[in-house]
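Here you go, one structure.
Letters A, B, C, D and E mark the chains in the order given here, with residues in each chain numbered from 1 onward.
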Amino acid sequence: METSFQPKILAFLCNWCAYAGADLAGVSRLQYPPNIRVIRTMCSGRVDPLFAIRALKEGFDGVFVGGCHIGDCHYQDGNVYTLKRMDMLARLLDISGIGRKRIRLVWASAAEAQPYADSVTDFTASITASGPLDRSRQTLALAGLSRALATPRLRWLVGIDRQVTERSNVYHEKTDTAHFQRVMQEAVETEYHKAMIQEIISQAPANVRELAEKTGLPVYTVSLRLNDLERNAQAELRGHEGRTPRFAAAA
Amino acid sequence: MSDAFEPTIIAFCCKYCAYAAADLAGSMRLSYPANIKISQVPCTGRVDIVHLLKAIEDGADGVYVAGCMEGDCHFVSGNLKALKRVTCVKKTLAELGMEPERVEMFNLSSAMGPRFAEIAIEMTDRIRKLGPSPVRRQPQPEAAAE
Amino acid sequence: MIVADRKSLSEIQDMVRDCRKILLVGCKGCVTVCNVGGLKEVQVLAATLRIAAKIEGRPLIVEETVLERQCDPEYVEMLKPVVDNFDAVVSMACGVGPQFLSEAYPQQRFFPAVNTTFFGGAVAHGIWEERCAGCGTCIIHYFDGMCPVARCSKSLMNGPCGGSDHGKCEISRNINCIWDMIVRKKTEQGRLNDLLDIVPAKNWQTARDGGPRQSRREELIQNG
Amino acid sequence: MNLQKTTEKTGSVMVVGAGVAGIQASLDMANAGYFVHLVDNSTSVGGLMAQLDKTFPTNDCAMCVISPFLVEVGRHLNINIISNSEVESLEGQAGAFHATVRNDPRYIDIEKCTACGQCRQICPVTAINEFDCGLDLRKAIYIKYPQAVPLAYAIDRSACIGCGLCEKACLAEAISYADTPRRTVLNVGAVILSMGSSVYDPSGLDTLAYGRHPNIVTSLEFERILSASGPYKGHLMRPYDREIPEKIAWLQCVGSRDINRAGHGYCSSVCCMYAIKQTMIAKEHVSTPLDAAVFYMDMRTYGKDFDKYYTRAKDEKHVRFIRSRIHTIEPLKNGDLNIRYVLESGDVQEETFNMVVLSAGLSPPPSAIALAGRLGIDLNAYHYAQTADIRPVNTSREGIYVCGAFQGPKDIPQSVMEASAAAASATETLADVRWTQTKVRELPAEVDFSGQKPRIGVFVCNCGINIGGVADVPAIREYARSLPHVIHVEDNLFTCSQDTQEKIKQVLVEKGINRVVVASCSPRTHEPLFQETLREAGLNKYLFEMANIRDQNTWVHMASPAKATAKAKDLVRMAVAKAAYIEPLPQVMLDVTNSVLVVGGGVAGMEAALGVARQGYQAWLVERGHQLGGMARQLRSTWQGEPVAPYLSDLIDAVHRHEHIQIFMETQVVHVTGTIGNFTTTLVTQDDEGKEKSTVIPHGAAILATGGHEYAPTEYQYGAHPSVMTHLEFDVAATKQDNRLLSAKLAVFIQCVGSRSAERPYCSRVCCTHSLKSALWLKTINPDVQIFILYRDIRAYGFRESLYQKAREAGVQFIRFESENPPVVSLTPGDPSEPNSSRLSLTVTDHILQRPIILNPDLVVLASAILPNENKKLFEAFKVPANADGFLVEAHAKLRPVDFASEGLFLAGLAHYPKTIDESIAQAKAAVSRTMNIVSKTAIMVGSVIAVVNPERCAVCLTCVRTCPYGIPRIDPEKGHAVIAAVECHGCGVCASECPGKAIALKHFTDEQINAKTDALFQAA
Amino acid sequence: MDDLKSGSNLEKVLKAGHFALTGECGPPKGANIAHLKEKFAHLKGVVDAVNLTDNQTAVVRLSSWAASAIMVQDGLEPNFQMVCRDRNRLAMQSDILGAYALGVRNMLCLSGDHQKFGNHPAAKNVYDIDSMQLISLVKKMRDEGRFMNDDVIDTPPRLFIGAAANPFAEPFDFRIYRMTKKIAAGADFIQTQCIYNMDRFRVFMKQAVDMGLTEKCFILAGVTPMKTVGMASYMAKSVPGMEVPESLIKRLKGAEKGKVAEEGIRFCLEQIEEFKTMKGVAGVHLMAIEWEHRVPEIAERAGLLPRPVAP
C-alpha cells in the first residue's frame, strides 16, 4: 500500500454542515483514507475557485468542497453561489485538459457522517486512479486558470448568474438562462485562452504561430483572442520578424 | 533624477495639421516627454521671427514650429514662409554663438499621431544633449528687462 | 526709394559694447519698405541684442521705438523727452537718420544699424536693384529709359565696352550689361541710329563730384 | 404648382437615413430655412462612409473628411437627429405628411453621456462588432466609433444580460434601463429617402469559400483592416495568423454583374475604384514589398481623375490587372489561398495568394426595401428606388424624393450631388413656408466690458478619470487661483455636460467674469460648445481660451502623473496670460442680394435657373449663343430610352414662361466683383446690329454651367467619308431616319476616340452607354444589320449594365483592342465617277483569336470624347480654377462637388466633367440647393478671426499685397494705406508676420497674445 | 591723306601702304627698366610700333607714358596707351601733352578694365569720360589746337590716334557701328581684339569695307599665339568678350607634348597669311605679352621682315 501513489487532497468544509458531519464521523469512529487535509470555512460560499487552483499548483492532487444542502445553508443561499462557482471551475478544468475530476462538491449536513466518509473515500479512490497531477506539463494551464479566474469578467458573471436568471435583471425580466449560459460559456473559453496568451507574452514577445503551439489553440482562435487583448490595451504589436509580427504585453 | 537637466521646449503648432496630430497622439494614448508645451496658431505662417526670438529671449531651451506637409497647407503656403523664418532664426542663433539646432521646423499631416510623438521625443533628446539655453545659464545680476 | 542692408550683429554689438541702456529708433520710411529698419526689424534687433547680453551675463536694457521718418526735424524732435536717458541711440534709418539725430541732439551718441546703399526698386519681393546714381542731370531719355550712369559699371556714355559678355557685365554674371539692353531695345524699336552719334562728355557738376548738394524751393522757404 | 390652397403646408422635411447623402440633404435644407428631422435606424449618423479608411481618388482619410460634417449636423439648431428609430408609416400628401416613427430604446440618456468609455471597459458581455464587419468583438454597451454623432453609447439589448454593472461604472449617471420603445408623429412637408446601401454578403457564392476561411474578406472588411481605428490599428495583417501578406488578390464583380448566382445583374459602380484605392493604400501600409493583383472584367474608372488614378496604380505602383473572372478559391492549410484563372491567351494559370479581397457590390438594405414597401414607392427589379432620367431624384410618390445609394449604386461625390438635388426638389413646393418651422437661438445682448480690467474665471475639468485620473485637478485649480486677474476657479467632473454648462452660465453672470479659461480637452472639438455657452451668458464668444490638458497632456503623460500636473499648471498659466489680452470680436453681418446668376443655357443652366425661380428667387440666365439647349439639342434619348427632344422643349418653354427668370441671349460676362452674397456682374449683349449693350447685375451667388462639346476626331478617316460619324451626328441622323443608318449592312462602333489618350488622359464616361443604346436602337429599325463594338473597357456602370447585356443578346459583337494597337480605318477609292463611292475597310486584332480581322463596314460611329467649352476669360473673371484638361475644379471632390473653393460660386453640368443628362440635371438641382444656403437669408455672418490694418503704422510697402496667398489685401488710393476686406480674409495671419511695419494684427492671435503665452511659460521655469 | 598727322613711323608705314606690324609690351610691376629694355631689344627693327599697356587688367604697373619715353630714347617707336579708368579729363590732357613732349607720336584710347579685375578692387574708379570721348578730345587737341574747354593750346600735340575694337563681343551686330563711331570721333588706326574666330572676323571686315571705313582708317588685326591648351581654355572661359572656337582648342590638344606652342604659332602664321590678302586689313597687331623673345621668329616666319623704313 505504501509504495503506491498516495494522493494529497485538500478539503474545504463549511462550518455548519460538512465540518460538523466530519466531526460526527470522527465521534462515530467511521474510517476513511487519511489523504484529506481539511480547512474549515464559515460557509462553502467562502470558497473562491482560485483557492482550488492554488491548491493544485502547490502540490495537492484533488480538492474537495463540502457544504450544506441547498436550502439548509446557514446563510440562506451561500451554497447556491458555491454551486455556480464549482460549475464554472469544472468547465475551466475541462477546457484546460486537467479535467473536472480533480474537484468534488458534496452536500453533507451535520448529521450525515456516513455519506461524508463515503464521499471522501470515493473521492480519494478516484484521485488515486487518476494518478498524480503532472504539474510540469500543466504549468501553462494552471497559470492560465489562475489568471482567468482572477478576471473581473468571470467573477462578475458567476456572481450575477442567479440574480438575472432567477430573480430579475435591470429590465425587471428574467434573462433567458440559455442565453446566459451561452454568454457564460463564451466568457469562460475566451478568458481562459486570453489568460494563457497573456501568460506567454508577458514573459517574451511571441508571434501567432508560437502562441498556437504553446497553448494548443487553433491559429485563428489565437488571432481573435489577441485582438481582444489589443482592444483592452493588454497586448500590443512589438516589431516584426520579416513578415511575422510579434506581440507583447502592453507597457 | 533631480539634477538631470529637464529642458522646457515650446512648439508652435498649426491648428489644421500639427495640433490635430497632437490630439490624435492623445486619443491613441501614445506617450512623449512632458517637456513639450504646445502653443496653437491658425497657420505656421503666423509664427513670426519675433515670436521665435522672444521665446529664446525668455529662456526657452528649444523652440520648434510644426506645420502641414508641404503642398497641403490649409492656407496654401504658410508652412513655406515658416521654414524661411526658422532658417533665418537659425542664422541669427549662429551669430549669437548659440546652437542653431535649438530651433527647428517640422511638417506632418493631421493623421500622423505617431509622427508627432516621435518629433516630441527627438527634440527633447536633442535639447537635453545640448544642455540648458545659454540665455538662462548665467544668473541675472540685476532685474530682468521690464 | 533709398535701399539699405542691415549691418552684421557683431558690428552693431561692437558699437554698443560698453552701453547698459540703449534706444533703437526705427523709421517708417524707405527702410520699412526694404525690411531693414521698420518696427519689426527694431523688435528683431532688440530681442537679438538682449539675448546676446543675457548670454554674456551683461545687464542691458534695450528700448524700442519708431519715428514716422528721421529726415524731418519735427519727427526727430519727438525723441526729445527720452533721448538723453540712454547711453547710446542706434538709428535703423538710412544714412540721413543718424546724422539728423546727431544734429538735433549733439550731446548724444548715435550709431547706424544699417548700411545705406542705393536708390532703387523692388524687381521682386525681397530683391531690390539700383536704378539711379543721383548724378543731378537725368539723361535716361537718350537711352530709352535705361540709365548707363547708374547701371553701367563704368558709366559709359557710348557703350557697350569690349567686356560685355552675352548680355552680362564683365565684372559679374548677376549684373546685366545695360548697354546690351539699350542696343537691343534701340534695334527692336528701329532707332539704332540714335546711338551712332557720339554722346559728349557728361557734366558731373550736378553730381556728388560737384560737392554736397542742396535743393532749394524758394517758394517754400519761410524767411525769418 | 401648389396643391389645395386649404391644407396648410409644413416648412419641415423628414430625411430617412443619415449617411453622407442624408447629412448633406439635411444641412442644405436646414441652412435654407427648413426644419429637418433626420431619422436613422442605427445608434449614430455617418452610414457606410464612416467605416471607410481612405476615399478615392484623393486618398483623403474618410474620417478626417466627414467628421466636421458630423459635428455640424450634430450641433445644428434646425436638425433634429432621431437615432435608433424606424419610420413605421406615412400618411397625408405632398406638403403635409404625417410620419409615425418608432424610437427604439437606447437605454442611455444622450444628453448626459460623454462617451468616456468606462462602461465599455467593464461590461462582461461581448457581441459581434458590426462596424468592423465581425473582424472583432465589441461589448454589449458600445459606441460605433470614437467620433460618432450623437456622441453617446448605446446598449445592444439582444446581447445584454441586464447585469447592471455599467450603471455602477457610469459617473455621468447616463444609464436608464427603463427606456421603452416610443412612437412619435412628425408633421413634415416632404420626405427624402437616403437609406444608402449595404455590402453584398458573398457567403451565398459557395465556390468563393467566403466565411469558411478568415483570409477571404469582403472589401469593407479589408477597409476596416486598413483603418487606424480598425481591429489591427491600421497595421495590414491577415486575420488568420496576423502574418503581413506578401501577395493579395482582389476579385471584382462579386455580387455584381452576376445574374445566375447572385441575382444582381447591375454593376455596383464603385468596386473598381475602391479596389484600386485599396491596392495603393495597402502598399503604403507595409514596409515589406506587396504584390497586388486585381482580377476584373472591365476596369470601370469613369469618374473625374479616376482614369489617372488607374494609370498611376498600374504604371507607378505596379499593381497587376488581370482580365479574368475567378470561379473558385481553394484554401490551403497554412492560411494561403490558391486561385486558378484563364489568361487571354487561353492558358490556365494557378497562383497562391496570402489573402483574397472580394470586391463585394452594393445592394439595398432589407430595412430600406421594407420601408419603401410601407411608403408605397415603386422599386426597380433590384429593389432600388425607381426614378426617371429626367427627374432623377423623384420617386413614384409625389412629395417623396430619393438620393444616394438607395437610388442606385454610386460613389460619394455622386451621392452628395444627388442629396443636394433632392434637397432642392423637396423644398421647391415648400418655398412659401420657408423659415416658418425653424428655430432661432434667442441670445442676450453682449455685455460691453470695455474699460474693465480683466476678471478671469478658470474652469478645470476632470473629464471623468481622463484628466482627474492622472493629474491632480484640485492642485491645478488652486494654482490657477494664484494667477494674475483670476477672480474665480472651480473644477468639474465633466465641464462639457449640459448641467455644468448651466452652472457655469450662472457663475459668469454672478461674478461678472469677463474672460473665461477652460482647462480640459481639445479646442478643435469643444471650443464651439463652450463659446456658445459664453454667448448665452452675454459674453462675446471670443472672450475664451482653452488649455488642452487632456489630449496633449494627461493622455500622453499617463506614466508620469507629477509631470502631467506640472505641465497642466504651465498650460493653464499660458492660457490665463493670453486671456488677459483677448478682446471681444464683432461678428460682421453682411446683407445678401436674393438672386442667382446662371451662366450657360444648356440643360444644366436651364434646370438651375428654373430651380432658383421655383424656390422663389430671381434667376438671371446668360447664354452666349443664340439659342438655349446646348449639347442636348442633338441628343435623341436618355439611356433608359426617354426621348430628350420633348423634355428639352418643355424645359425651354418653362424657362421662358417663368416670371422669376430673365434670359440674356448672345451675352457674355465681362467683369465680376464682390464676394459671397454681394456679387456685381457686368454683362455685354451683342444685339443684331452688332451694337453692344452692357447691363450690370447684382446677385448673391452664381452657377457656372458653361457645358461642353463633342471632340471632332482627326483619326479613323472622320470627315473623309460621309458614313464615318460621331455619336451626336448618329443621333441627329437617327431622328431624321437617315438612309445611311437604315440601309447599313455592317456597322462598327469605335470607343475611346480622343479619350484616355496622352492629350486627354480622362474617360468621357458616357460614350460606352451611348454606343450600346445606339446599337440596340439600330437593331430595332434595321434588324439584319451586323454590329461590332470595338472597345478598351465597356464602362456601362450602374444599371446601364443591362444595356450591355441586351446588346450581347441582340447579337452585337464586341472586340477589345489595346490602346497601343487601335483599329485602322482605311478608304479604298471606288469608281471615280460615282460620288462618294469609296469603300471603308477596317482592320482590328481580335482579342481572342489574337489575329487581325478585316471588316468592310458601311457605317462607322466614333464614340468621341467630350471637351469643356472654351471659357478662359469667363473663368478668369470669376477667378475660378480649371484643371489641366480644362474642366472646372470643385472645392472638394467628395463633400463639396458642386462648390468652388471661393465661396458663393457653384458649378454644374459638362463644364465640371463629362456626365450623362440625368447626372447633369441632378448636379444642376444640387447647385440650386447650395445657392439657397446664401440667397435664402437676408444677411450672413462672416468670420472675425481676421487680419486688421492699423493705418498709422502702414508704410504702404505692398508686402501684404504680395504675400497673401488669396490676394485679399489691397492699397486704397484715397486712404493711402493697405485695406483687408473683413469678409474675404481667411485668417491665416501670414501678412501679420510679414508686415515690416507691424501694422497688421490677426485678431485673437495678435503679437501681444502670442508673446504673452510664451512669456508665461518661461516665467516660472 | 598726304599730310602726316603725327609723322610717326607707324603712320608713315601705313600711309605708304606697307603691311604694318605692331607689337605689345607690358611695363614692369616696378621700376626695373633694365628688364623693360631687354624686351625692347627683342622688338627693335621687328615691329613698326610697340603698344605699352596702361595698368592692364587694372593691375598697377609702370605708367605707359614713362615706358614710352624710355622707348623713344631707345630708338623704338612706342604706341602710348591711356585708359579712362584712372584719370579725369584734366589728368588726361596733361599726360597727353607730356607724352607728346617726350617724343611719343602714337596713342591708343581705351575704356580700360574695371578695377574689380585688378589688384586694387577697393579703389574708386574715375570714368570721367569714355574712350570715344577721349578720341574726340585728342583729335580736338591735335586738329583744333584746343583743350576740351576750347582754350588754345600752345604747341598742340600731334598724335597718330588709335582705338581698340572687339568684333567678337555681344551685341555682335552693333560692334561695326561702334567702330564707325570711333573712326568718326577721330581714330586714325584701329587695333582689334585678338582674333580666333576667323569666320566672324571675315564678316566684320567685309562690313567695314562695305561701309568704307577702311578708307578712313587703318585696321590692324590683333593676334596672340596660344602657348598652351590651358591658356586657350582660360581665354575662352574667363576673359570677357573673348571667343575661342572649339576647333582651335581641339587642334591644340591634338599636338604632341611640347609641340603645343609650335602649333599656336603655326595657327598665328596662318592667320597672318590670310590677313595679308584680306581686303581692308592694313597690318597685324601681334600681342605676345611675356613672349616678346619669340616675336622676331614669328615676324620672320610670317615674311614680314625686314620692316620697311619710311622716308
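In this section, a contact is a pair of C-beta atoms (placed from the backbone, for glycine too) under 8 Å apart; a residue touches a chain by one contact, two chains touch by 3 or more.
For clarity, every value in this text was computed on a predicted model and none was experimentally measured.
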item	value
Minimum number of chain-to-chain contact steps, subunit B to subunit D	1
Centroid-based (C-alpha) most distant chain relative to subunit D	E
Farthest-lying chain, centroid of Cα atoms versus that of subunit B	E
Winner on C-beta contact pairs when B-C is weighed against C-D	B-C
Chain centre separation (subunit B, subunit C; CA means) in Å	36
Interchain centroid distance [CA atoms averaged], subunit C/subunit D, Å	56
Whole-Å gap between the CA centroids of subunit B and subunit E	66
Euclidean distance of C-alpha centroids - subunit A vs subunit E, Å	115
Sites on subunit B at which at least two other chains make contact	29, 48-50, 54
Residue list for subunit E, restricted to those that touch at least two other chains	none
Junction residues of subunit D, two or more chains touched	559, 963
Chain-chain contacts as defined at top	A-D, B-C, B-D, C-D, C-E
Residues of subunit D defined as touching subunit C within the complex	953, 955, 957-959, 962-963, 995-998
Partner subunit D, residues of subunit A touching it in the complex	152-153, 156-157, 160, 163-164, 169-171, 173, 175, 179-180, 183, 186-187, 190, 207-209, 212, 219-220, 222-224, 226-228, 230-232, 237, 240, 242-245, 247, 251
Subunit D-touching residues of subunit B, taken from the complex the two chains share	8, 10, 15, 19-20, 22-23, 25-32, 34, 37-43, 45-51, 54-55, 58-60, 74-78, 81, 85, 110-111, 117
Sites on subunit C touched by subunit E in the complex	153-167, 170-171, 177, 180, 183-184, 187, 192, 195-202, 204
For the subunit C and subunit D complex, residues of the former touching the latter	28-29, 32-33, 35, 38-41, 43, 66, 122, 125
